[in-house]
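Shown next, in structure tokens, is the structure this report addresses.
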Amino acid sequence: MLVNQFLLLSAFLFCTGVYGVLARRNAVMVLMSIELMLNAVNINLLTFGVLHGTVSGQVFALFIIAVAAAEVAVGLAIVLLIYRNRSNIDVDDLDLMKG
Amino acid sequence: MELAMLAFERPAIDWHAFAPELVLLAVGSILTLIDIVYNERARRVMPALAAVGLLATLVPVLTLAVDGADRSMFDGAFVVDDMALTLKALFLISGFVVVLLSVDYIRDGDYHENEYYSLLLASLLGMVLIASSRDLITMFIALELLSIPAYMLAAWRKGGATSNEAGLKYYLMGVFASAIMLYGMSLIFGVSGSTQFDAIRVALDTGGDSAPMVTLGILFVLVGFGFKVSAVPFHTWAPDVYEGSPTPITAFLAVAAKAAGFVALLQLVFVAFSGRYDVVEPFFWIMAALTMTVGNLMALRQTNIVRMLAYSGVAQGGFMLAPFAVAGQATDSAIQAIVTYLIIYAFMNLGAFAVVLAVAKKTRSGEISSYAGLFSYAPGLAVAMTVFMAALAGIPPAGGWVAKLLVWRALLDASSVQGTVLAVVVAFNAVLAFSYYAKVLREMWMSDAPDGDTSPVSVSGTLTLALGLTVLATLAFGVFPQLAARFGDFSASFAL
Amino acid sequence: MLENAYLIPLLPALSFVFILLFGKRFKGGDAVHWIGIGVVGVVWVLSLVLGAQWIDRSEDALSGGGSSYEESLVVVVGSSGTGAGVLLGTEAGEGAPAPIAEPVISQITWFQSGGVEHSVGTYVDGLAALLLVVVSTVSLLVHIYSTEYVRGDVRYVHYYAFLSLFTASMLFFVLSSSILQMIVGWELVGLCSFALIGHWWEDSANSSAALKAFLTNRVGDIGLLVGMIILFFGAGTFDIFQINDMVARGEISHLVLLMASLSLIAAVMSKSGQFPLHTWLPDAMAGPTPVSALIHAATMVVAGVYMIARLYPVFYEGFAINTSSINLLSFIGGFTALMAAGLAFFQWDIKKVLAYSTVSQLGYMVMALGVGAWTAAVFHLFTHALFKACLFLGAGSVSHASHHTFDMRKMGGLKKHMPVTFWTFAIASLALAGIFPLAGFWSKDEILIGAWTGQQSGYPLMLFFGAAVAALTAAYMTRVIYYTFFGEYRGHGTPHESPKAITVPLVILAGGAVLGGLANLPSPAADAIGLGGIAHRIETYAEPVNFLAPLGLTVAAPSLAMALIGLGLALSGIGVTYLYFWKGMGPQGLSERNKYARAGRTFFENKYYLDYLYNDIIVASIKWPIAKATYWFNQNVIDKVVDSVGEGARDGGQFVYRYIDQAVVDGTVNATGTAANASGESLRVIQSGKVQDYGALLFGAVGVLAIIFVIVI
Amino acid sequence: MQATGFDAWAVSLVVFLPLLGALVMLAVPSKEEETHKLIALVSSLGALAAGIYILVQFDYDNTSELQFLVDKSWIDVINSRFIVGVDGLSLPMLILSLVVVPLCIVYSWQHIPEPGNPKAFLMLILVLATGMNGTFVSHDLILFFVFFEIVLLPMYFMIGVWGGPERKYASLKFFLFTLFGSALMILSFLALFFVAEDPSGTALNTFDMRALSQWAGAGLSLTTAVVIFGGMFMGFGIKVPMFPFHTWLPDAHTQAPTVGSVILAAVLLKLGTYGFIRIALPILPRAAEQWAPWIGLLAVIGIIYGALGCLAQTDMKRLIAFSSVAHMGYVMLGISTLTTLGINAAVFGMVAHGLITGILFFVAGSVKERYHTLEIARLGGLLKAAPRMGWILGFATMASLGLPGLAGFWGEFPAILAAYQPAPALSEELFRVYMVIAALGTVLAAGYLLWLYQRTAFGEPTEEFADLEIADVNQYEWLAWTPFLLAILAFGVYPNLIFSLTDDTVGNIVSAFGG
């Protein structure tokens, strides 16, 4: 099986996700970048699951998908909350507390 | 893939072993239901129900403890042993105290009260679960279960800009760290082919080929939990979130959530990664030294008490991380040190937050300077705070000294140079730490009340109960350290 | 009494406590002196009893009845081969064994260390007995004298308390059975000296003098401590008897003894006012006069001499007195004696003259010990105590009569106003000057003979010192008498004779000054007056021959020639001075002011001219350039050194405190705190508040760690 | 042999009665000041009574044996036990501590410093008492550590709340210094736990001082031993305090309230020296031999340095504080000789310094109360204004400068004496140099003390205070001070009172040094 391609793809996705998280100002974009990272993980898990011939990888991936959904829901809720209070979802502007 | 593999067989379920989680789940569900049915009318009973529910959850924990036998389910993915029970009890009691702290705060503020307790219980369920998880998936689920409600709770003060900010920061950092951790888990799964810790341990022990991948995997996973326990440099969220969140939640995050992170680390380091101490030990050495030093140095400059406690929590986390640095060389003492530290830390830190809550009610301020003259108008609170500060600083007879002692003991037990050097670093930090705890003491005892305002502080019954509980526990642990230390003595659990 | 000698110091100690605590209750303190006098009276009686018992014991020993030491059986005879002069007689007990009574030592454990018990107790022998009598006698007289002299003083009670304490301390010191005990007594008398010099502490000059006395003594005490420590480790014990015994047996190396003696001599210098640590003694005259008489003339200042006498084997062996012709001890003694005698001329304060005279006489005693004339030194100690106490008390009486001044320029002509004082003072002065047959004559004579004879050979230098001092002493005492009692009264008011409480002690002491010589008459003289039986009493009863004989001590024989020389010198001193003052004949080396000198008689009545005359003679004449230089040296160098050491220490303290303690040591501490704060401050940069920065930090750390763990390790 | 019957409780009573008193006081409302004073006094006197019982029942023929021994389990997981007992070394220190506390309470009767609140003040004293008493009787390293640390907070508050203008700085400095030392000290204790092994090579794993002293570092590499000793040196040395860790002391003393200074000087400083004698020397004798020359060096530096520091002071209390540095230098010099005489002298010096400096601080406190200043230049004529107090000050300065016949001498002189011939393993020449320097220190001591006395007590009162009515010693002061004065005198006249107690125990310790 061509494991490496999948792993490289996953690594690329993961890095993209990281870049997105660190670089995008828009909170929603950041959330999406995180989804990218999680999906990179899913690819990894599926690949390894197949490699080792076990379903654990797929199970794990399913759980991640489910949890990610919940997470995004919460995340969006918080983003909305902020938008409501500030009419702005630029994460860079959130620095009331520091030092 | 053969179909036989996919054929579902209901695994044997030991209901007794599962009872604490089930009870907690039931209580949580009931609370949610009541909220749905009775809505606002239920506000008054919610905290009481939550508290009772937590205490009820303690019952199966106790029966399991009395029973004494180690139980294992789902091919070893869920384990109930002494340590798991001890930690579950710790989480539950911490949760109970947090509920006590919350009652007035949540009632008096502009908060959704019913959901608050449901979410709190949900988060606690995650914690209780994490204590038993011996499997990557279980652990992940449990972790998310405790985290996601916590994100919401952090942002619970919906109208407050700081609370919003805290929520978002916590959320983003948490999810980001989770993603990194998951990536690490996937790598480890890739090498070992299993999600179960025992299998991972065996696989890592023998899997010499893919060493870099294992190392990377371990690193990523540990970083994920390093975030949870706010180890430097993954701590940056903590001060902001602590400051912004509602104070009872801050207490909850600082104690229960952090403890959960440590519990996970315990399982991972001593079970899953116990074949790779060559990676784990230096990693934690660096983390521990950095965490305590940076935490302390930053705490020195703080003027806000919550923020100071946040950094103090970071530094305390550093002390708790230190025994991991000798995880392989002095396994038993290290586990003992960490667990004992967790127990004592929970009480002293919760206590400190209880005082903060009580004082803030009068002063409406989080500044350390607002504690000026506290001793003159609220001697009880001042003495209690003194006990907690002394405990955090590790001054006998308040409990903290036992925790530090055990950390030192573990580090020296390793009889290695690294261990000894880290012990000295801990010693220096213990001294450094006192200087900012002393700042609070100084304000309380040695300064005059601002504006000569010496009207007494009214402390509600629940808060008094919480204070009494924590003061008593903190002192008892200090005078009879065996009380706490025996719960940390799990030499049998990890005799692998 | 010999075994229970502890009572002697104990009683005055109790009286000290009693007076201190309850003294004020006695008619407001006025009657407190009766306690002091009563107790000291009892002590005096006990001392006499003890002395008598000791004499009995000695007599028993002499007649073979007492136990004695092998060593003490060695016959000690004055060596006739010294060529130092004609021997007029021989040693008492010539040709027969001279057994010495064993000292009576009673001890209890003072403290133990390493299982070894160190004792405290009493050591009674002839020397101790003699000193007990001297101390209790002078103390008793001073107590009586003070009832008048210090009457009405603000701190009358305290004064008597400290007199008691001093008496106790001194007696304790004298009875010491161990060197440690000596240190204790030594320091305690120092304390009393401090307290009494500073009695009128309202005036800062007095308290400064007290401080100076104490501190100078402390400097010497370093020597005492170190010397005693060396002795302790050399002998393995603090016990005086054992130490002496071991030295006598040659069990302690010469080097140890030399080091010990060298160290101890520093203590002697300070306590007994030997050059160069003598400067405190004249300043100590700030104290009440009776105190000066008791402490700074008769008793405390002889502590150093007593210590040498007590530990004589140590010094004898340490300085190899029996072999060398000159040693540090004798030189210091001799030099001090001469120097102080010279300085005595420059004083207008009558007490300071006497103080320098005391320094000089102490030097005499030390010199005597340095040349091996043990008995002579002790004898001189005895006689000196009597006549010097008399002189001081006399000076006090004079001052009492003339408006409490001690300035001789404000006296004069007191002879007719206070005859008793005059006569006693004159007798004591003559005794001091060494005029036959007064006490001083005999003791001084013995010292001179000792210097002349020496041990293996004579000490010409010491003889010169001794002789010069004899002449000078006579001269300066004559000067004092002239200024004080002759001429016209130059002070205020009308002087009057002092009351009985003052004059009676004077008379008693003057009697002592006359008869004191009987204590150790040389046998030829004793034979001449039909008292052969009482010759060489001190020598017989007190000299620790049992220790000294094995070391080769020889005792000089009396010499008529020496006696005549000494007497001649004294008379010439008196004569020359008499000519200066009464006859106005001075050295004619001076120019225009000579006419004043010649016509002096008419101007003597005039204080101004008198001063002028005297000053010019002294200042301008070439007769005293050395004395002048010495005085300058004394005031500007030695005294300055003493003072500037104090100032230096204080400046040093300032420096260390300001620049080292506060700046460096404490500075480091505070800097650590500042540094911690500063690094906390700089670390805040990473806490920017921006969540993406946090994320970057988190991921960056992961990257760095990954690189470290995967690639580096 | 464990004690039975009441004996088994005696030591615990001594330690915990004051704490009990403090707990009772907790329940009494703070308005009832007289009740608080009474409870405090009674509980401290109760402890003293138990102490006297020990004193009476003590077997003086076996001073080196641990008596009134209680050995109960405490922290099983680390094998730390509750071992308390009294031997000839503990006893004098214990009694000192037991006597000082009630006297301080008596003194406090009318001298509760600003800002008042006798309840808190007295409770702190009682907690302090528990810590101090406990330290002197514990024979388990962890127990010792706990008691050693318990005294910190009460003293911190005492200085910080009731202290002078710079109290915050001073109290924190005191605390951080001590904490730093004890952190390293506990590391050393733990290291001992792991390195100690019996001859057959099995680990002892004990904190029992008796077992560890028995072991005495056998088979341990010298380097390790020296390092471990170093940790204890820091812990104890800072407490003593030795140069150059002394800087907390003048600040703490100057700022502390009178009673705080007294307790600090009389007892707290002794915890350090006691630790050296009780723990560091017997457990690691070989390392002690390596360290001794350096300790001796720091000690003599301390003697001279402290004296010079004193000469520079303008504040009476600060001067007394600096004199502690010098006096504790003598104690440390005695210890560093590793000889019976030296260590006996050190113990004596500890007691003597406790009494003498204690009374000096008392007087300084009372002077401050009357004149509202301790500026030496502004004082003067104390003997005139308040003759009795002047006398007591004089007595104390004389005792402090080591006048024979008073207690100070017996700590100082034998220590100097012992330096002449230190333990065989040490350089004789070096210690003789120390000896001479130390002897020089006695002159400086006389200098600064007399200078102090001259300027405060002698002369006429300064114009500023000439018309001020200065009250003489009052009855509470008499009550509190008289025992100090009597003890100074008694120990000075008959030093065997202490020497005979400590000698055997010290002998056992020193036997490891062949001296």
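Brief remarks follow.
Here the chain labels run A, B, C and D in written order, and each chain numbers its own residues starting at 1.
What we mean here is this: a contact is a pair of C-beta atoms (placed from the backbone, for glycine too) under 8 Å apart; a residue touches a chain by one contact, two chains touch by 3 or more.
Quick caveat: nothing in here was measured; it's all calculated off a predicted structure.
Of the two interfaces, B-D and A-B, the higher number of touching C-beta pairs belongs to A-B. Here D is the chain whose Cα centre lies closest to the centre of all protein Cα atoms.
Chain geometry summary: the mean Cα position of chain C and that of chain D are 39 Å apart.
Here the CA centre of chain A is 25 Å from the CA centre of chain B.
Annotation: 64 Å between the Cα-based centres of chain A and chain D. For chain C, the set of residues that touch two or more other chains comprises 684, 687, 689, 691, 695, 699. Among all residues of chain A, those that touch two or more other chains are 21, 30, 91, 94-99. Residue positions 168-169, 172, 176, 180, 239-240, 301, 435 of chain B are each in touch with at least two other chains.
Listed by chain label, the pairs that touch are A-B, A-C, B-C, B-D, C-D.
Put simply, chain D touches chain B in their complex at residues 30, 73-78, 115, 120, 142, 145-147, 149-150, 152-153, 156-157, 160-161, 167-168, 171-172, 175-176, 179-180, 183-184, 186-187, 190-191, 193-195. Within the complex formed with chain A, the chain C residues making contact are 684, 687-692, 695-696, 699. Chain B meets chain C in the complex at residues 168-169, 172-173, 176-177, 180, 212, 215-216, 219-220, 223, 227, 233-234, 236-237, 239-240, 278-279, 282-283, 286, 294, 297-301, 432, 435. By the touch criterion stated above, chain A contacts chain B in their complex at residues 7, 10, 14, 17, 21, 27, 30, 34, 37-38, 40-41, 44-45, 47-49, 51-57, 59-60, 63-64, 67, 70-71, 74-75, 77-79, 81-82, 85-86, 91, 94-99. Looking at the complex, you find that chain A touches chain C at residues 18, 21-23, 30, 91-92, 94-99.
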